[in-house]
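Several structures are given next for inspection.
What follows is a pair of complexes built around chain A, which joins chain B in one and chain C in the other.
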Partner chain A sequence: MNTQPHPHACHSPEHGVSRRAMLGTVGGAVGFGSLMQPAVAEAIKKTEKRVCLIWLDGGISQYESWHPLPNSKYAGPFRNIKTSIPGVHFSELVPETAKIAHKISVIRTMETKDPNHSSGVPRIQRGDPIDRGVTYPYLGSAVAKLLGPANPELPPYIWIKPGNGGFLAKEGGFLGAQYGTLALGDGKPPIHIHRPEGVSAEVDAARNALRQKANERFKAYRGASEIDAYETSYDMARQLMARKDIFDDSKLDPKDAERYGTHPLGRHVLRARQLLEAGVRFVKVNSYHWDTHGDNFNMSQRLIPQVDRPFAALVNDLEERGMLDNTLVIVMSEFGRTPIINSRLGRDHWPDCWSIALAGCGIKRGAVVGETTKDGAWVESEGYDIGHLFHTIFTLLGINPRKTRYRFKGQKLAIAHDDCEPIKEVMQ
Partner chain B sequence: MRAIMVIWLLLTALSGRAAEPLHQAIDRLIAAGAGGPVAGLSDDAEFFRRVHLDLAGNVPTPAAVRAFLKNSAKDKRTKLIHQLLAGDAFAAHWTDRLTVMLLERQNLGKVTDDEWRTFLTKQLKGKPRWDALAREMVGATGQGEARPAMKFLGTANHHAMTENVARLFLGMDLKCAKCHDHPSVDEWKQVHYWGLFAYLNQTKNATNSKDKKAYLVEGVATAKVEFQSVFKVDKESIGPRLPGGQEVAIPTFEKGQEFAQPAANGLPGVPKFRPRELLARDLTTKGNAFFVRNAVNRIWFLMMGRGMSHSLDEVHGQNPPSHPKLMALMTKEFAANGFDIKWLVREIALSASYQRSSRLPEGVKDVAADRYRTAHPKAMTPEQILRAVLQATGNTKWVTALKAPANAEKFNRRGYFTGTNLELPSSYEEVKALWLLTYAEPAGMAEEDFLPGLNKALFLMNDRMIQDWLKPKHGNLVERLTKLKTPEAVAEEMYLSMLARLPEAEEVATVAEYLKANEQRRPAALSDLAWALLTSTEFRLNH
Partner chain C sequence: MNAPALNVTKTWVSRELTHDLQLFRAQFSPEGKHIAAAGVDKLVHVWETEGEQKKTFAGHKTWVSSLAFHPREKRLFTADYQGVIHCWNYTGGGKPLWTIPNADRDNVRALALTPDGKYLISAGDDTVIKVWQAANGKPVAKLEGHTECIFSLAVARDGRHFVSGDLLGSIRQWSTGAWKPVRELDAKILHTRLENFIADVGGVRSLAFSPDGKQLAAGGMKDAKSNAFCPGTPTVLIFDWANGKQKTELRIKGKSDGPFNALRYLDANTLAGHTEILHSGSELTFWKTHQPDPVHSVPNGSAYDLSLHPDGRQLLAASYVSGGASGNGAQKRHRENYPPNKTALKIFSLFEKPAEEKK
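For the complex of A and B:
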């Protein structure tokens, strides 16, 4: 077909083979004519690596969650509680996670650079690689590109967020719009996966049969790859329409709602579990308004339990379903919060020493790592930048960040910051 | 004797070539590189739809298709091409295309989209010249009639201007040459980036203190720009220099002598040395091979669906034109014809290479897109799809006339896609916005390659606005079809309206069969049939 390389194609064999393989994305599609066999679906569930990124936009306070220091000079009003790991304490605001501390890792020495939200969120979610004059993809788009869909029926990257959804192309960066994300506003699928009112299933099947017949006639005499690519996007659309069950709350155990919580973050993490079970490769769940410049303690008291419950429930459920060894769960923000409590009883932005929680997919069980100064303000052991975290994530997903390169307009581009290494302390 | 013979032959050959119109030369040189059989000429219907989409931005009306099929004049294709090039629809459609190509849907700077479009459309209605357009955009000050051209320079960010001039007017994506020589394209050096930058780094926005409008002005250049490769220790410096050109010396003036005009009319003084003005002049000459080649490559892409060098901003030795001799000839003749855009478009449209069928030649299974052995299917642009869907379903008139009531609330566009907004858009402006949200690339991304997508397929399949257009109303296609008695008449009207061709016998049979099976729900069945063609590959592609 094209003798020139596709501008966004990496030169791996998958792209040499066919355009279809390249289109295994939200924008594009992979063509599997029929719905999957249940046994195949079961196999995906057990073997394919997946990711759930729980993103607390604005910045969760490490002091009020994973790194409480009640006797230090920067302490807030909350108590310490014991966790399931002897000698390790979390804040009393995360009681559910404290019970499963032996299943997760906590890194207390994140040391990143950018103290601003507007630049910090994209910088962190792109892994802050060395500037090569290109716009890097967000983590979800990167994983969608590097691993493709876990279940070819489903888009590889879905983003659950409050407010509106839609198809958001920008996260794909230089990989192109087709690696963007399908965003579910308030966890709901885009309206267009529903058959329009007044069109029955029979009529829809009949009119699709007419469409396919027309396509066969058109294709019979023509060879361009565009023709296959267009038809494939319809196959993908119909497959997603047939899988509306993954957005259906009525299929859930009513106890789940109780365990995850009925607030948006609880509902959205529960939706993420459904999607991961169905074989979505990467699910991002956003929660907003964590930017506690004022009234940090009341806000933390209200907000932090909202991530505590569903995070613990998700880790437990994934383990119970035999998926935890293949599913990486990350709870993080663009930075932590200042040790100093400001005059409005708030904590400001603090990239210099903050914490994240991780579980599954080769993350150590019960590792709480990183030495800080006694007041928790500064890193004393090794500090980890976002590049280290990206190396860790890619390595756990079976992607070698030292060898794997994107190809873009003749440039070979590292997938993560060249000067960073995986964080071995939290890897099994 | 022998020498005289050779000279005579040479002269004949030269004079013969000189008289050869470009469209014939295109066919000769494409044939020379075909490497296998080529497709036959498109039939009249195929040609008619294609040339309408390319030169008028829309599918033709069923009446126009009928008339063209009936017309037996030998020169009807040539006449049609001339006629379409002179039409307002050409100017409107190419305004879309050049706008998307040059601004990439970024609404930057103080000039409005409308002002920009009006400016461009006016040029395209007359005799648009690529060099003149580029000169007006790159040299824009905001003064005079060409004021809207300054939109190309956006917010006058020096790096963005450098990258855009290089990419869009030279076919060079020099982004990575900002920090070091290009790692894989040997001929793209860091000095190329900074040489262009030195033409642009004196430009800034200024607000006229009297009329309060924004203008672009230049400051006084006193020194070369310094740059340093991330791989090197030493700093380098360069004054204004075009890739492949000579460095411009930055003159020094005695203090107080730098200005040609003092500050006046609410704007700062005009320096004697204005590098951006020099860039506009020197960039756009016949002698600037990169500039001419880029222009030809882009116009060829707009007509043929792929650049001779593709991607369009990757024009360099490692991505040479698919037909080097043809590229050399086209650049020479384009420049000799005064960069006349319509002339080049017309010559391409007149060529048999453009007018080929998209069907594979007998016995051939696959052809490389860059050999042009068949017509390469092009994706309709986002603007075209909306127009074509409205035209094909017969809803253009009432939908384009939709206007929101004066006191209407702001339409929730995102909510329309998530189900929180269940209204149908009440203005054509909102209809367009919904289509662009679905089909357009994000701002700042080039729209070159066909990118089908799950969300786009779902939209065309299930959108309720489109379902509404497929219900019989306002004299639209489905309403017209309900009045036709026989399946033959239904099939003919439907295929002419939607696919701009007559149905084949088998297709008539399919229509008849479906209508028979759905006798009880005939209007709905007609919608189903129209829906199936609307979502078909044949409709989506300009083939």
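For the complex of A and C:
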């Protein structure tokens, strides 16, 4: 499995050394991170392109967030508020994002195809390419493959989620298990990240060498995939073991918790900032239970502020740290929610016309894109499928989606839907 | 003519008024000659019950969340999701008689009047109960104690006390006149926050005193399964008002999974409640309050309010009616015709259908 040469993926000095080779060099040298030259670390922080995908699983309502339309017959009860862009209004449930509207783009005419969660989540996160009989990687795995790690001492793709963590190989799709994601349950590092006090660095290195040797022998007789998954997860854990400083919350400004929020999504987006700062290429932050078929308005009142604060705080912090120009932040779900209010004061699934918010990494500042019908139910101008968004994301990351191809079992495979184009209205 | 005997098992729909958008609140006027209803269209609609006349009052800038009639005067109070209360002359027309612009930070979820008509009580998102002079909207008192949004209010028939119920299942009793806290009743079973939830679910969605003042009913749902669909087990708690202890937990026989948003006593021991539909169904339910199982239920679209006609034999429910286009997209087939859902203001007669009506 190879990709065709890609300038960003293959020419940077960090990528000249494979992750495996880097790990081999590191071996048992726990603490490599601390040996990295501060200037190099700073350069990684400011130049390497990174992505934070804030995924609101189930579907955030566009009417209660980025596209309120209070005079629509489908409007909810909440107020319209002014944003930092003259003439543009958001829902009162996103006051912090309203203040930074001039730093972000909103696309109000997402028009996707799948109204179901079970098929829609993977379909959206894989970019819904033309079906060529293969299982495409999720976006994070694709970026990990196409760009490699931003910081070779850290996993390229980390997923922060509620509940349990672990290594999830399946997101790698046909790229293979090694492009899966390391999931941090509740944003916490893998358990046993701390080397037991009774085990010296030398002993630990020897144990690791023995483990690697055993793996090599085992792999000689069996298929590599499961071993790859195991080794990758083990290596990622070891990488994080060397960078447990990332998880040292005592270093955080106490005001951060207030700015991001103490609820899980707030804490997890703050953790994402720490990981992005450390040089993780792609961080996905999941929040579940956004599928407000019932009691949408009471729930929106409580849920939507949970993404508003950390999203705005993250954009502001990345800008303050000089990272926003190289870090793409995306807030989205698998679809929006219906204009029609159902029998239970809920809104159902609506892929026909919905909104997403984006910031950084070449995203235009202060753009609100797309014309809908006056009631917000339907796309009036051009609708954008997820393929358009994947083209946009890859282009912003310096990957040419027209020229870059995956190679898998002799096939050249497009990295994004062949019939789509980047959404130029949101690109600088 | 004597009123027919109350017989909830023979309940039938004697009249329907339809509206092409969703209305959540509907009440009979105290003399029974009008029905006021309101919801998503920001308007207040007043129908004559014995005629075809209808008036519409414009003034709210968002959904109307609650309404209440003055017990003696031709006044109607309506409140909205942006904290505004209007007072209307519902037999007149035009503009509000007066307005309270900031009755709550956000949603005024409940309004109630004392039986003497002197005081209007409001409560909602900011957790503070406000008491106003019903004559002019001047503030009288602010009552603090709840820590989460207040869904429901009910005033005791003797007017000496009222209760308020919140999201966390706290019911608080307050004195009128002195406007002081008296005690707290435990309805926490109506609130759910599981470890994987990202929001509190449920709450005391409805409250009602029995006519003899001996019982308080609190409606909602227990055991919510998620904060997304918000399904749970519809539940009503009956409290002995004298000691504040729970006497009975009422349930339904059907499959509805939404809360009881509305409760009305029909006599000292007969209670009506209404649930919401989601996965299965919703119903107008009747109980004898000493026993958990209903004595009768009538399948009906979701309703959020119940009002008893002064004759005691007619029950009004603003009931959900599908517009035909609900459900998950992609619904391009509906692009040319994507109607919102509707309302039927159903008047349920609570007695056996007369022979001439059966024909």
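Definition applied: the second predicted complex is superposed on the first by the 349 of 428 C-alpha atoms of A that agree within 3 Å, B and C clash if a C-alpha of one lies under 4 Å from a C-alpha of the other, contacts with A are read in each partner's own complex, and residues count from 1 in each chain.
The rule we apply is simple: contacts are C-beta pairs under 8 Å (C-beta built on N, C-alpha and C of every residue); 3 or more make two chains touch, one makes a residue touch a chain.
Predicted model only: the values in this text are computed from it and were never measured.
When the shared chain is aligned, chain B comes close enough to touch A:191, but chain C does not. Contacts of A:350 after superposition: chain C is touched, whereas chain B is not reached.
Using the contact criterion defined above for the overlaid structures, shared-chain residue A:155 touches chain B, although it does not reach chain C.
Applying the stated contact rule after C-alpha superposition, one finds that A:288 touches chain C and leaves chain B untouched. Within the superposed three-chain model, A:231 lies in touch with chain B and out of touch with chain C [touch as defined at top].
In the superposition on chain A, A:410 contacts chain B only, with no contact to chain C.
Once the two complexes are laid over each other on the shared chain, residue contacts for A:264 go to chain C alone; chain B is not touched. In the superposition on chain A, A:203 makes contact with chain B only, while chain C stays out of contact range.
Taking chain A as the reference chain, the count of touched residues is higher for B when chain B and chain C are set side by side.
Within chain A, the residues touching chain B in one complex and chain C in the other are 163. Residues of chain A that touch chain B in their complex: 1-4, 6-7, 23, 26-29, 131-134, 155, 163-167, 169-170, 176-178, 182, 185-186, 188, 190-199, 203, 206-208, 210-211, 213-215, 217-219, 221-224, 226-227, 229-234, 236-237, 240-241, 409-412. The residues of chain A lying in touch with chain C in their complex are 58, 70, 73-79, 113, 115-116, 162-163, 263-265, 287-295, 299, 301-303, 306, 335, 338-346, 348-352, 377-378.
Chain B meets chain A in the complex at residues 173, 175-176, 178-179, 182-185, 310-311, 314, 318-319, 322, 358-360, 364-370, 374, 376-377, 379, 414-420, 437-438, 441-442, 445, 448-459, 461-464, 467, 504, 506-507, 510, 514, 524, 528-529, 531-533, 535-538, 540-541, 543. Chain C makes touch with chain A in their complex at residues 21-22, 40-41, 62-63, 65, 80-82, 106-107, 125, 196-201, 226-231, 258, 276-278, 282, 301-302, 320, 322-323, 325-332, 335, 338, 340-341.
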